[in-house]
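Only one structure is covered here, and it is reproduced in the block below.
A, B, C and D label the chains in the order they appear, each numbered from 1.
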Amino acid sequence: MKMLFYPGCSMQRTARPYLDSLMAIRETIGLELEEVADWNCCGATEYMSVHRVPALALVGRNLAIASRQAEGTDTLTAGCSACYLNLAKTDQQMREDPRLAAKVNDALHAGGLSYAAGSLKVRHLLDVVCNDVGYEAVQAKVVRPLHGLRLAPYYGCQVVRPDPDSRWDDREHPTAMDRLLRALGADVVDYPLKTQCCGGHMTVIGPDVAYGLIRRLVHGAATAGADAIVTLCPMCQLNLDAYQIEMNKHYGTSYAIPVLYFTQLMGLAFGKAPAELGIGKEFVPAAPALSRISDRPPAAEAAKKKRRPRAADGLPMPRMG
Amino acid sequence: MTDQPQQHQQEQGQEERIGVYVCHCGTNIAGVIDVGSVRDFAGEGLKGRGVVLSRDYTFMCSTTGQELIQKDIAEHGLTRVVVAACSPHLHEGTFRTACDRAGLNPYLCELASIREHVAWVHTDHDAATTKAKAIVSGAIERARHSVPLEAIHVPVDAATLVVGGGIAGLQAALEIADAGHEVYLVEREPSVGGHMAQFDKTFPTLDCAACILTPKMAAAGSHPHLHLHTWSEVEKVEGFVGNFTVTVRRKPRYVLEDVCTGCGICIEKCPVVVVDDAYEAGIGYRKAIYMPFPQAVPKLPVLDPDTCTYYLKGKGSCRACEKFCPTEPNSIDFNQTEQRINLRVGNIVLATGFDLFDARRIPQYGYGRLPNVFTNLELERMCNASGPTGGAITLRDGRTAPKSVGIIHCVGSRDRNYNNYCSAICCMQSLKLAHLVRERTGAEVHNFYIDLRTAFKDYDEFYQRVLDEGVHFVRGKVAEVSEVPRGPDEAEGKLYVQVEDTLIGMQRRIPVDMVVLSAGIEPRHDAKQVGQTFGIACSANGWFIEKHAKLDPISTMTEGVFLAGCAQGPKDIPASVSQGAAAAARVLMRIRQGELALEPVRASIDAERCSGCRICNALCPFNAISYDAAGGVSAINSALCQGCGTCVAACPAGAIAGSGFSNEQVLAQIEGLLLTNLEPAEALT
Amino acid sequence: MKPKFAMYWAASCGGCEIAVLNIDAKILDLDANFDVAFWPAAMDAKYKDLDAMADGSILVTLFNGSIRTAENEHLAKTLRRKSKILVAFGSCANEGCIPGLANLSSRESMLETAYGGPSTENPAQLRPQPTSQVPEGALTLPPVQPVVRTLDQVVEVDYHMPGCPPESHQIAAVVDLLVQVVQGRAELPPKGSVIGAGESTVCDECPRERNVKHLTQLRRIQELGPLDTTLCLLEQGLMCTGPATRSGCDARCPRVGAPCIGCYGVAPEALDQGARMMTAIASAIDAKEPEAIDGILDGIPDPAGTFYKFSLAHSLLRGGRAAHRETETP
Amino acid sequence: MANDFEPVIIGFTCNWCSYRAADVAGTTRLKYAPNVRLIRLMCSGRIDPTFVLKALADGADGVLITGCHPGDCHYLEQNYKALRRHRLLQRTLAQLGVEPERVHLTWASAAEGAIFAATIDRFVERVRALGPLRWPARPKPLPVAVAPELAEEALP
């Protein structure tokens, strides 16, 4: 399926493995990505709060050139959470407030551009992979299942909140990536911190605060028994990976949980070489964790023998699902 | 009867004298619509259409407003009355009665809905005023073609159906039965009692729920006029007020009701133990054959074929219940099938109750994932001396008493992600549980609330008492309950309640051993289907809609169907009992009256015009239309006709007349609404 | 002096004139009791002779045909002035009849259908012109008006006599009545009455057996096999408009196995014949799902032409938008 | 033109569902376009194509027909008759040059005040986009050329 692709600056620099792994798997899952020509910076996280209209106009330019370029598709996808959110938010705010849309378009007119709000569907890459490509299609392409690898799915905040177009099953506890990783054959651990904050730019502004947040996320994953954290956001990856070292220094700890992109794990399961997927460029090496991938599926736990409950069992847990 | 063009006919008929009354409804109407302009439009602009006077008044539905109409009918000889006010569903009866009192046939009174359909839904004053004028014009033209009608009288069957055997339904059923009338009480569960039977104590007086409920249940079980149909559901309701025919499906108990003595040996001998999701809220167990609780009424076990070995492993296996049953003949009947019975009743009370909000829907509170997160109902069962822990409050391990407990209010209520409404009972239920935890474990208790709503008698006093008992109150909405410490300074193995304490203006993380979610209450999951069965609607939130939110929270839009208890909206036990009693009073009034007056909206066929084409014959779902082969014409039985008008609209010869909504009335209303009754120069812009 | 009688033929086929002559010897009663003042189809007459007559000097005029041209309108107004009793005679004058179906189209497309198109041999592509120069001088044609109107949409009408054409036995009865009125032996019916017709619908006079109707198919007659000779045609799947058509014709068509097409017009108690037939058919269809309903309705390939074959010009909408648009002032 | 055009729409409602939905929209103070003027019938089965044609002929730019949801009819299944009449009428109207979108059938339960309000807003916008229908007014009562009483002298 064809769609427009907005890479954003992170994917071209610090999150290069994200882009490389995406490029490596796109044909396998039948994604035809057409890069938006001459795109500009999305303004990242803060600019929206500083100068709203110029920030919207900045993003509006990307939407305008993308909609002009769109042919045979009305979907615009981005891998970076901030890029995705800025594009989606701008489209939504222009849709809901025609006066604001007119203002943004006034600015765009100066450059001979305009954008009709709602004409593009802005989607995060994970959303596209899970809902358009689909779990079955992904599973069908798996040649090297990730058996035995225990993964903590980490969504971060921006993709699931505020979720302007209601694309996720739950904004606090989404499960789309959980299902995707299971489709790759991996074990998914219960990771209740999946949408907690990674610290964002606090690593630069107030490192102590950021270390606390990073520690909690890494500690939580370690407690849950995860071999690796899987993310969908360049900022999350950077904070949890690069600053894990700093955080360890700060607390005198020695956590070593690698942080990978879901696209890298898809690539592995599709049988691509780690180097092609940018694996090896991370600060916390992934190799030890990846060496746990086994050829055989874990033996199904012996079916528990039914017996009459005893007082020592305690009270029954609520049934789930 | 005919759909000939209007203009011709009026000139032939006698000149009508129409009085128009425009209601301000305080500022409800007058705040948006220029009432004076509407009055003048009718009085001056439509003078040529028979309007002889046009007035506006603050509250037309008041006694003074009604007297105004009555006086005008007498003094001005009005032949038609048009009241521009609220929806006819609210005050049509009021104004018709006023006309009747003044000697004008009530069906010559016409309501124009300019409140619900104009003032309340539009903001542009000019557009609203224009629309109001059009609606008044339509009502005037329609009224010109109204004819005097007489109400249809039908007898009322004195038997009553009560659906739901919770406290509200029990109250209604007992009061009607005590008055000496037959009552059929249909309950879906194996026993009456409802949610109240699950509770330990009741707020604010802390009397034991069983102690005050059991006598009522027992009375219901032994009352000579009260006929229990438990483990049964209403499948179909036919007919109309005074004469309903109800089909009840009785599910198989696999126990012979008239033989079983309720001795309980079968239960004792049954080897299958399963989690009891119903009565014990999932923290206790029951057998495959079970009585929901010791005080169940009727005192009969019910066998669950989904867990019984006989059904799971094939015939011949187990049969312990049958082997040990001491009665003669044997009370166990594995071949029992469901049965359908028909009941004839005059009135119906719906007291179908509520479902507890499913706390799993808020994953950040961890219910179902974190063992020591409980619902209020689980804690309620734990507190109960006959519950799974024998009255001890423990963690999920069944042994350890908590040293600190967090109780979260408004779980699933007042939250736009789940339910916008206030569940009304959670504040008091949370206070009650806080008190019980303090009393029984001495644990530190934190209650996390948004607002504390302790209206009603003795409730706030109870709050003061709980405060005095040392319960901590934190005003803020809990963000999450997490088992993961934030930093090395936080201990492992605790539940952290993350909350913004809005009174001190900071984020707090309060470690506790146990979290109790005070879940709100929701409409029954199948309320919509049940509503369809009984012909009543649900509000956007899913509660059954009462006839009027303030003045008639008992009746519904369907005549003869009344509401009691939480089916109508969240309420506590005293309110449920009051509403049950009120519904009983309504039913008793109907029975006392003996007959009912129905709207005379009926179809009839003009035999002279009928060609006997038989197009209409298949259209009536009430079989009111028959064909007289000898005369070659069709005819309508007005006792069976329900007045929908489908045959009127279908008759190719225009030979079927529909009283109350005649072709003349509708066509004239269209002309009025489109203002073709005005000279072009006067047309509204 | 005998009272004066007139008959005029506006936009119509001439069938009504034939129908009057078809009353056999009864025509002699007409002649015996009336002085035929103006009847272009039967005898020579000039407009100037008509113009010369005093207002109200004609006792009764049978006016057939709809108002299509300015000439039709002029004659309708003239005859109204000259006549004491003006009878809208036949379907065209009453309801527009087949000429009224032109109200589905614009004038331009109507002329294109008549003078162009593959079925017309018109190599020079001639079109009627308002004026044409010939050696003898200028010839003029009366302008065609945008919308076909019925007589009562142009002038006030005293009586309505429906039918395409009115049945001879009904005409004979009306002639009888007129003669009796002239001889002072009978009263005229109330003004505005429908005369020469029944008070119910065609089914009332139809001898076919009728049952509860659950229509599962509608077909044109050529699509059906041999018909049951005693069963209601609608029940056999034929689009018979008898249920919604005024009685008076003695159910001539359905009697012989041809479905009623509606020429006696709207039923006594109804306003719009097409609406009544549509509602009846749609009500009697045995289907609930939109697709199933559409499947049955597909059996009516030309609904407007079927339900309004005779009554379009006198229906609530009086025609289609294409015709009405031409009446709008730009 | 399109901006100044305020469509006039006649809406038919049934007593049990859609009229009550309109009442609920009112009691909950939802706001919607003021262009629709409602007529209450007992049931959508009472809808007669005559009513729709009358409304269009008398100047309405659109007609909204509403009733209980299929399966929810207070009179069991009469709304299906409304559905069938609507579908046939649509076909005829199309031949007459009236856009079928001008006559819209929709279902609304008594609880669906918000849906009812939104439906009205959408329908008003749809009719606004179609522009005025402006069906020519019915002929005015005619001036009588002469009003001859049946004069005595005309008779022998």
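To be clear about the criterion, contacts are C-beta pairs under 8 Å (C-beta built on N, C-alpha and C of every residue); 3 or more make two chains touch, one makes a residue touch a chain.
Worth saying up front: this structure is predicted, and the values here are computed from it rather than measured.
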Partition of the remaining chains by touching, absent subunit B: A | C, D
{"item": "Selected interface, A-B versus C-D, where C-beta contact pairs are more numerous", "value": "C-D"}
{"item": "Inter-centroid spacing, subunit D versus subunit C (mean Cα positions, whole Å)", "value": "29"}
{"item": "CA centroid of subunit A to CA centroid of subunit B, Å", "value": "46"}
{"item": "Centroid spacing, where centroids are CA-atom means, of subunit A and subunit C in whole angstrom", "value": "75"}
{"item": "Separation of mean Cα positions, subunit D and subunit A [Å, integer]", "value": "52"}
{"item": "Multi-partner residues of subunit B (at least 2 other chains)", "value": "3, 619, 646, 649-650, 663, 667"}
{"item": "Interface hub residues of subunit D, defined as touching at least two other chains", "value": "48, 50, 54, 77, 81, 85"}
{"item": "Listing of all chain pairs that touch each other, if any do", "value": "A-B, B-C, B-D, C-D"}
{"item": "Of subunit D, residues touching subunit C in the complex", "value": "48-50, 53-54, 56-57, 70, 77, 80-81, 83-85, 87-89, 91-92, 95-98, 134-136, 138-139, 142, 144-146, 148, 150-151, 154-156"}
{"item": "Contact footprint of subunit B on subunit A as seen in their complex", "value": "170, 172-173, 190, 192-193, 212, 215-216, 219-220, 223, 251, 308-309, 311-320"}
{"item": "Touching residues (chain side subunit C, partner subunit D) in the complex", "value": "1-3, 55-56, 59, 77, 80-81, 83-85, 104, 149, 152-156, 182, 184, 188, 270-272, 274-276, 278-279, 281-283, 285, 287-288, 290, 293-294, 297, 300, 302-305, 307-308, 315-322, 324, 327-328"}
{"item": "List of subunit C residues in touch with subunit B within their complex", "value": "192, 199-204, 210-214, 232, 234, 242-244, 247, 267-272, 276-277, 279-280, 283-284, 286"}
{"item": "Residue numbers on subunit B that touch subunit D, as the complex places them", "value": "3, 7, 87-89, 113, 115-118, 120-124, 127-128, 130-131, 134-135, 138, 532, 535, 537-540, 545, 549, 557, 601, 619, 621-622, 642-646, 648-650, 658, 660-661, 663, 666-667, 669-671, 673-674, 676"}
